[in-house]
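Each of the next two complexes has chain A plus one more chain, namely chain B in the first and chain C in the second.
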Partner chain A sequence: MKWDKDLSTRHGGLSARDRIVRSLCLLFLVAGVGILILTIVYLFIESGPGKGFPYRVLDCFTGEWQPLATPPKLGMAHAWVSTFMITGIALAISLPIGFGIGLFTSEIAPLIVRRLLTPSLELLAGIPAVVYGFFGAVTLVRWFEKVFQLSTGETILGAGIVLSVMMLPFIASTSAEAFRAVFREYRESVLSLGVDQLTMFRRVILVRAFPGLIAAAALGLARGVGETLAVLMLSGNTTAFPDSILSRGQPITALLATEIGETAVDSEKYHMLFTGALCLMLLVLLLNLAISFLKKKVYGTLYAS
Partner chain B sequence: MESNNTPIPLFEIRDLHVRYGDMAVLHGINTDMPAREVTAILGPSGCGKSTLLRVLNRTLKLTPMARVSGGTVKYQGENLLSHPLGEQQIRKRIGIVQQRPLPFPMSIRDNVMFGADYHNKTRAAEKDEQVHTYLDKVGLWEEVKDRLKSPGSMLSIGQQQRLCIARSLANRPEVLLMDEPCSALDPDSTAKIEDLILKLKDEIAIVIVTHNLAQARRVSSNCLFFLNGTIAEQGKTAGVLNNPAHPSVQAIVMGREG
Partner chain C sequence: MTFRTWNILYYFFVWLSGLLGIALPLGIGFYLLLNGGKILNIAFLLDRPHGSPLGSEGGILPAILGSFSLTAIGLAVALPAGIGSAVYLSEFSCSARLKSFARLLIESLAGVPSIIYGLFGYAFFVLLLQMGTSLIAGSLVMAIVMYPIILITSQEAFDAVSREYREASLSLGIDHTEWIVRVLFVKSFTRILAGVVLAVGHAMGSAAPILFTAAVFYSAGGIRLSQPVMTLPTHLYFLVSEGVSFENAFGTALVLVIGLLVFNSLAMILRNNIKE
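Right, the complex of A and B next:
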């Protein structure tokens, strides 16, 4: 039948309008993914691929940063270490607090508190990074100088704490959504058996919300690794190798942003900075892949046990 | 009216009113549900049947805005809504099977023992025995005995519903409430569940909400017919379904079965 062929078989029952919308969506998707690929391609081209490239990558992670020495030393080990320390501190603080806020706003808080808390958290996400930087500079930095007797209060720890506040809204709102959906689905069935709230939370809610919590952590992590301005302002932005959480540091994003402006195009330093950017980009992608893999794997074992 | 040889009714409901916010869902429910019988609750959608089950299982307050706004419910002679045993014990004793089966995210075995584990700690060997008993009771043992450790969600929907019934039975309830337990199921699973109800009715009291008049005939002896938040007709199932007095009930019964 003609009708069958036209609507059901060939186009899966889509009208002309449906097909236009579908094509547009596909176009946007291709454009989005295309930009991601182009970003990686351009970073790669500018990082000076060729004979010296593998060595440059190795140097990027392991070497010292002394661009004015002869010959210039262009390793960024100190920056990678700073980035990992700051992000680690930030996650360690914001994951438990964020999950706690998520649980509180999704289930425990009375409706009125929930209605006030949720928009305030969203506002927290809207504060510009530079404002966080100023805020950290007049609070944590000054306070650390007094408490830890430092000559300057700019520290890895301070940058990590402020970064944790910046990550908090993302972690809290994503985990709240995960908790809310799971509670809605299971609350009545579980509690109708007469068990208490903690048993419900431990044995059902946590297991089912787990993928959502991992997604929340991934979102926070991606944001934390990529954050530039606030950590630049608060970490001290020094090229020395950080030896404790109270030393000054320079995360990789801060190093790249600081140096790229005064670097000659196609110089060795220029290639090195792009190599750093490329590695950072790939690292974030890799982290996301690893997390989604972990999510499947851990969820599988949690579910089956 | 209560003579010495009639036992205390299971539930005595007097002038029960329930509201969701400003909307009255139940207004003035009066009934006695007999112990050791299957009571069917019939009526069109949205007339408060599930709400009544939630009141009896004490899970009404989990629905936002819902509250009992008047009347009393007695369970075995004791006030249900402020029962000295407390809400968790009541939920254990008056179990409920929901309309849509919802296995918990754990193995088939752990699903069966979820409530039972909480209410009485049992040793592993005893636990295995109970899992066997209750899965056998719902006719699921032969189908799942080789995969007790796989997730409950892997079962077919009819099997899931029987798993959920086993989970409620493992709690050793005194009453089992069933909220349209077969509405999502195929005829074969429905038949299995109806058989199960007939087997169980000697051990525990059962209250079943159903849309299916034929099902009510097959499994129940006592019957409440709901219309718009009140009971329009009640009594022996055969009487209610064969010669209803209420004109609307008559129309529904004739329309569906005539």
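Right, the complex of A and C next:
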């Protein structure tokens, strides 16, 4: 059959030109995903794998940070504690309000208010971290100095409050998605039983949307631990161990941003900083995988939104 | 408390959170406008930083130019790569498993904090490839930050084009290339553009990836690939952290926010057009 060959059915209906385009696109995909994987691999290489690596990871989470002592102590316990204190405060503020906004947009809000709220949240998400940091520095920090009689107003609490505002749009939109899916399924049948909004929410919506709400919290956590500029500007950036929410601290991202430019390449400190970065990235990757998994539970399919 | 009271409290709390969601961006916006508005004029936009300490007087022109060139070069790398990858995933990929694996990987990596990409760029581009702290190193890191966003949004745009167009087009005897260029790109253009605007806005506002790959406090030279640049977000950071000038910091923050506001509104308008 001569024209069987012309139609090139053997190549799945692809013409010669198609195959070039396909190869080109595949090249882009491989290069792009390759670079992203290279990021992980290269962080691992720079963190100095080898005999001392497990100790370094352990030290990273438990040790003190005194790089100028002899021998230098390079643990980052204070940074992890600061990170989780700030993110914890931010989540404690942002989760209830974010879920409230999620409920508001998915069920309670009149159409006009909803139309106003959606772009507002997008604007909130669009403000860069450094502007949040600056805004916090000129409002909260100055205010804290007066109210709590502090010498510097930079506190873990202030950083947490600003971070909660930054997380809000993400938590609100993720939880709104989950609420909307559940409301669509159950609203009519539940309300026809004669129950009120609160009971419907407590007994049906909250239960069914729970995995989606956990996903929202995980998303907030992932955003929070990775946030850099705002916490760098607001936490006070001191290497002392934070002992209360009104003391200053230094989250891991702020530590990395402060130290990396002034660290000799391939020194023990350099390897330690990259170990910290590697742990941070693995933590966030793990959270992101959990989010995908939880969303799958809510929506049935992995990538439907 | 009675049941009814709880129910009212529930309504009250939900309304309060909703209104807070509207009040917060408005409040931040007006606060910046009130404090930064007086410093914002043409001279501020078109002048270099002057004064002692440097940056306490003068304008932010080099930072604006730096931000634009950084994102533009990054976009020139990330746009073809992102759209090409999305075309492969939605048009050529035979295995559904590969497709969902690639999506999972890319979505996870899109959420990696940008400081991590900054560190990678510092170790890989600046040190290993010896690019130094330069525009090109920063642009490449920006490309890495933008790539997953562009890929995800364009793949969603392609998936939104009806299957019937594809079947009708291909059954007319045109090849895949023609279908992709003449139909798929045309039908999904607005969505892709909205995604690109989103990615550019995100990149332009972020300081963490370029803090140690491209940014300096002051650059007298022009925009050159091998030279470091000033950018708006890092300029704002340096002004505040060194305590140089809060007035100019307000101006810089306002310029940054207004610029991104225009960008994000553009993305929103594009997306609303799609719905109608």
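One rule holds for everything that comes next: the second predicted complex is superposed on the first by the 246 of 305 C-alpha atoms of A that agree within 3 Å, B and C clash if a C-alpha of one lies under 4 Å from a C-alpha of the other, contacts with A are read in each partner's own complex, and residues count from 1 in each chain.
FYI, contacts are C-beta pairs under 8 Å (C-beta built on N, C-alpha and C of every residue); 3 or more make two chains touch, one makes a residue touch a chain.
As the structure is a prediction and not an experimental result, all values here were calculated from the model.
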| item | value |
| --- | --- |
| Which of chain B and chain C A:Ala69 touches, first, second, both or neither | neither |
| Which superposed partner A:Arg187 touches (first chain B, second chain C, both, neither) | first |
| Which superposed partner A:Val284 touches (first chain B, second chain C, both, neither) | second |
| Which of chain B and chain C A:Asp196 touches, first, second, both or neither | both |
| Of chain B and chain C, the chain that contacts the larger number of chain A residues | C |
| Which of chain B and chain C A:Leu58 touches, first, second, both or neither | neither |
| Which of chain B and chain C A:Val21 touches, first, second, both or neither | second |
| Touching partner for A:Val207 - first (chain B), second (chain C), both, neither | first |
| Chain C-contacting residues of chain A that also contact chain B | 196, 302-303 |
| Touch list for chain A against partner chain C, complex | 12-15, 17-18, 21-22, 24-29, 31-33, 35-36, 38-39, 42-43, 46, 96-101, 103-105, 108-109, 113, 116-117, 119-124, 126-131, 133-135, 137-139, 165, 168-169, 172, 196-198, 201, 219, 222-223, 225-229, 232-233, 253, 256-257, 260-261, 265, 273-274, 277, 280-281, 284-285, 287-289, 291-292, 302-303 |
| Residue numbers on chain C that touch chain A, as the complex places them | 3, 6-7, 10-11, 13-18, 20-22, 24-26, 28-29, 31-32, 35, 80-82, 84-85, 87-89, 91-92, 94, 100, 102-109, 111-120, 122-124, 127, 144, 147-148, 151, 170, 175-177, 180, 201, 204-208, 211-212, 233-234, 236-237, 240-241, 246, 249-250, 253, 256-257, 260-261, 263-264, 268 |
| Chain B residues touching chain A - in the complex, by the definition given at the top | 57, 59, 62-63, 87-93, 95-96, 98, 102, 104-107, 114-115, 118-119, 149-151, 164, 167-168, 171 |
| Sites on chain A touched by chain B in the complex | 185-196, 199, 203-204, 207-208, 302-305 |
